[in-house]
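Starting off with a structure, shown below.
Chain IDs A, B, C and D follow the sequence of writing; residue 1 opens each chain.
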Amino acid sequence: MNNTTTIPGIKKRFVPLKIFIVVLVFVGLGLFPFMSGNRFYISMINEMMIYGLLAMSLDVLLGYTGALSFMHNAYLGISAYVVGLFLIHISPASLWMACFAGIIFTSIVALPVGWVQVRTGGLAFALLTLAFGMMFHTIVWKWYDVTGGDDGLMGMPNPDITLFGWKLGSTGDPLAMYLFTLVIAAICFFLTRRIINSPFGAVLEAIRENEDRASFIGINVRRYKLLGWMLACLLAGISGALFILYKGYIGPSTMSAFAGAGVLMMVLLGGLGSLWGAFVGAAIFIYIQDYISTMTEHWEIFLGLVVIFLVLFLPTGFVGLGDHLKRFRKG
Amino acid sequence: MAELLYTENLCRRFGGVMATNKVCFSVNDHGLTSIIGPNGAGKTTFINIVTGKIPASSGKIFFKGNDITNKPTHDLVKMGICRTFQINSIFEDLSVFENLRIAKQAKNGGSLRIFSSKQSLRTVTEETWELLEHLGLKDLAIRPAKNLAYGDQRVLEVAIAMAGNPKILFLDEPTAGMSPTETKHISKLIKELSKKICVVLVEHDMDMIMSISDKITVLQYGSTIAEGTPEEIRNNQQVREAYLGKEE
Amino acid sequence: MKRFITVSLSLMIAVLLFAPQQVFAAKPVKIGVLVPLTGIVAQGGLEMKYGIEMAAEEKGTVLGRPIELIVEDTRVKPPVAVTKAEKLVYKDDCKALIGVFSSGVGLALSKNIDKLNVPFVSTHVMTTKFYGLHPLVFRSGQLANDQTAVGNVKGILARPDLKDRTYYVIVHDYSWGHDAGERFIALAKENGIKVYNDTYDKAPIKTKDWSSYISKIKASGADGVYMAFITNVIPAFAKQTSDFGLQGKVKLVSAAAPGPLELEAGGEACHGIFGASDWAWDVDNANSNDWEMRFWKKFNTIPSDAAVHSYVGAMNLFNAIEKAGSTDAKAIADALRGISFDGPYGNVRISAKDNCMRNSAVLTETMAAPENPFGAKVYMKVLKTFTADELGPPE
Amino acid sequence: MGGTIGIIVDISLNSLVLSGVFLIVAIGLNIIYGLSRIMNMGHGALYAVGAYTGYTLVATGFNYFVALVIAPIIVGGIGLLIERTIIAPMRKRSMVYTLILTYGLMFFLDGMIKYVWGNKPCFIDLPAFMQGTLSILGTQYPIFRLVTLFLIAGIMGGLMLFLNKTKVGLILRASSTIPEMVSCLGINMSYVHMGAFVLGCIMAAMAGIIAGPLTTIDPLMGSEMLISSFVVIVIGGLGSLRGAVLAALLIGFVQTLAEFFITDLAMVIVYVLMAVILAFMPRGILGEGKFE
């Protein structure tokens, strides 16, 4: 199947099988809302897709560039606030303009932060992301007249969604919002996969593998880490725009340190270094958190135990399970 | 033969210790220069300064006439100053093929392409295969670097440095931990290479040094105590004392 | 021995699986209860849950069908509350939502009420933004900020030792705190009560160490503090002010009634807190005393205003569903407008004009408790009762 | 009543007390990180467990100072149990996974606190002589807070003596700089890691009991203190004890002053300061690893 004499991409085995599965999943998700019609599951999967996109953006940073960010959800928050404020104050109908403004603003904020971040490495990088994240959280929480402080953004209109000229319905209607999220998430997923497999993606992986050696083969490590950071923040910005359109609300608690660690959990649950693993991790994490918290008041105890169990006994996460099993088979 | 690279009174101080003490070192655009000296003589520190891993305390380094002291590592590599490491520093989880491909890509450029596939960089992939063939690593191409035998990993270490088409290549104890046959293979390779580009070798294996070096510099306590052809160095009294200690 | 264990185990599982399913006479009416069971106000949330459970038990059935309460933890986080509300309405098919402790959560829920399309009765939200907010959104619980401000200002004016003090205003930094602070300052200025800082201090909710704020109060020379803090933080603030030796000199007036359990923890330091509230267990009438004993026997926690508000709110909701004769959202909402219930703190009527309750209230001051069945050491003594019209707002 | 001197005294004493509490919590975190490169996210929860244990001991009749000794021992035991069961197997794993494991530990401990002690805030009742206030330079300052300063100084002194003078202390200090060398000398490194974790938990518990009467003991005290202690050890330099002392003082003063003058933006200032220091001194003020 794989002829080493020709010039192959090494990971090209089982290509048709993988494409078939991905298309199957995409069509399945697409048809789901029409079949089941139960609004709770539609909005739950919608939320899973949004957080999956955010987890994927963190995986670009952690799984591919080897940089740990504690509060990647801060950039979801910034973009959501800008989109919300744009819709409330500037023009309530122009959905695409608002999303565009949100993402651009997030990137503008992420650039100087990224420039400072890449000057550090390892644990210092992670703790610096905590510092910046908490700074944004506190600013958003204190700037009462603009962001509504602890109550979050109030008075979000429900603009109409027009996708490639086709009017889906307003963001208030869960079905339209579901399809909008699905399409945007799919586009981001395929583009990110493309970028990860591009020469630029290869440089990120080299930096993850061995930052020192990377600079000794001529890679300007700081510049590429910054580009990786910007890509991750851009994707987080997109998930932020989707978040506020879907939920109609954004508050400081979504940008808190604990929500940040939650996103990190999703990536690890899904398995590092696999983009669609992040979506699986997000789905599992959201289900566990909601399911356990309805079961008992003391849901924190069980969530803690689940986390400890996963890290001790299932290090590579659910998607990573494959490699785990393969290794066993080899004996 | 124009001087490719030379240093003027290069110093590096760690607290009170002068790890590199006013070293004046120069190499031409090709040929094999070796740096030897007892452990702790400052050989690796010297290489670390020239290749930009650690900044120099004082003194200057010139490459093709222009001053490159304390320039960032990636710029030095782009200019053609590459090095290997004493302790293996390779991209473990990546395949051998990818290890060299990424080094080639970093050299030939194209890293900023975010939408084209890796294979679209034709020349990079072709040159990688040539290098693999040249070094006899072809059949290990798809295996992750960390699963290689230690000797092969050392060869890969040198290969990654060579992938950057260096003008000057610093080899920091490439044969450390290699079997005699592998050492012979690598020595032949290095000798062949030194015909085309300038190679600076840091080694403890005296037979290898004496057999393939064009010029030898001996370092002790951070400063140069002798310089010359293998013959001159073998008979040099000071060098013998530095290694064997003064006869009572 | 091993065989014995496996046999008994399988027996036990069999019994569990085929236990006689409780045969329902008719499908239960499901009501979604949204209260904070974790986070800073967990104790208040627990008491609210008890109040609603007690009401459901005493009401028994609605429209001839049993009442089924489905409780969800909002964690005092608006996004979580919205997700849980969606779950309650879409998945569990709840016909109405009740509860909610904080204004932030209440406002976020009201924003999504069109999507949810069920009536929502809040039993502890005090923000004045709830007046006429939405045809499906009601308040039947804690006094609103304007009513409390009126109660407190009237209380201060009636007391010579409080009238001429200058008050330092400090609030918890979220919408309820701001609203309570602004209302008091405006009303105090109208009635000539001296206020030290017009721009009130805003303290983060998670503040634990009040020393820097207390130093500011000491530096200001004010001899009174008007505080708008979440119920279970009040005793902590009182204790630290007494640590700094201010208990005798500075009078604490509170915009919200401190929780009884927290008062117990505060002990001696919590004496002398002055403030208006719907109810305290010192209220002496047959209905209130009887309710207190029932609550104490059932839950063995000191009856608190959070519990009684939720009890009354739940009763109003159940009676409205009964009156509407159906579980249709609009019918229940129409029935809720103008409905009233004679509870422990008198007649509580939901005004048809702005969907918010009108009821009498009491002016209280905390001091050492007399002999009481709950074993409480500190209690809120009732000084004066306000009628509903005195507190307004006019209809 | 206050007068400007009074305010200055108030502020400086308040910030000293705040710095002291930050210091003890941060030192515990730094010991664990300095010795076994583990960043314990559950440290805040252990601080809260210490406070609650102290509260229960005092409530059941023990004198406050006796509780100050017993509670850390209990929490140290809990720390030992945690270390043996879930931290030791993580020795060879990368830092990311230990971070997430201890994050789970934090959730677990917070949940257990709520389960065992319930939701209500608790107050430690102090022995008689410590209640009431002392008038210093025209302002009334609670006696207990002054006593806290001495307690903190005593604990720090004890720790320094323990590290510098005792044999175990010597081993701990040596293994923070060159772990491999210490294991070559025949010292079982797993005992060192165990010792470090337990010592860290003891410090957290002590900080909890001291901070108990200062602030309120409620289930959320752990998580808030965790973030502040992160700020302190990062600015001071990961693993460096002297750095933690400097950073605790700096953050204590900055936070108290900011809370006094610009109450709203107090916390923003602290995080901006952390970001600036980290940006230009990624290793913190005193650099990493110097474990004295």
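We take it that a residue touches a chain if its C-beta (ideal position, glycine included) is under 8 Å from a C-beta of that chain, and two chains touch if they have at least 3 such contacts.
Just so you know, these numbers come straight off a predicted model, no measurement behind them.
**Q** Please state, in steps, how far subunit C lies from subunit A along the shortest route of touching chains.
**A** 1
**Q** Which chains make contact with subunit B and with subunit D at once?
**A** Both-contact set = A.
**Q** In angstrom, rounded to a whole number, how far apart do the mean CA points of subunit B and subunit C lie?
**A** 74
**Q** Between subunit A and subunit B, what is the separation of their C-alpha centroids in Å?
**A** A distance of 42 Å separates the two centres.
**Q** With centres defined as the mean C-alpha position, give me the subunit A-subunit D separation in Å.
**A** 34
**Q** Measure off the straight-line distance from the CA centroid of subunit C to the CA centroid of subunit D, and report it in whole Å.
**A** 36
**Q** For subunit D, what residues touch not just one other chain but two or more?
**A** Residue numbers touching two or more other chains: 114, 264, 267.
**Q** When you check subunit A against every other chain, which residues touch at least two of them?
**A** 142, 297, 299-300
**Q** Multi-chain contacts only, two chains or more: what residues does subunit B have there?
**A** Nothing qualifies.
**Q** Following the definition at the start, I'd like every touching pair of chains, please.
**A** Chain pairs that touch: A-B, A-C, A-D, C-D.
**Q** Where on subunit A does subunit B make contact in their complex?
**A** Going by the criterion above, the answer is residues 2, 4, 7-10, 194-195, 197-203, 205-206, 209-210, 212-213, 215-221, 224.
**Q** For subunit C, which residues are in contact with subunit D within the complex?
**A** Within the complex, subunit C contacts subunit D at residues 38-40, 42-43, 46, 173, 201-204, 206, 208-209, 211-213, 215-216, 218-219, 221, 232-233, 235-236, 239, 243-246, 249, 261-262, 265-267.
**Q** Can you list the residues on subunit D that touch subunit C in the complex?
**A** The touching residues are 1-2, 6-7, 10-11, 14, 17-18, 114, 118-123, 125, 131-133, 139-142, 144-145, 214-216, 218-221, 224, 256, 259-260, 263-264, 267.
**Q** Per the contact definition, I'd like the list of subunit C residues that touch subunit A in the complex.
**A** My answer: residues 37-38, 72-73, 75, 77-80, 82-84, 86-87, 90-91, 103-104, 107-108, 111-112, 114-115, 173-175, 178, 202, 204-205.
**Q** Within their complex, state which residues of subunit B touch subunit A.
**A** 51, 53, 72-74, 77-78, 82-83, 85, 89-95, 97-98, 101-103, 105-107, 110-119, 121, 125-126, 129, 138, 141-142, 160-161, 163-164
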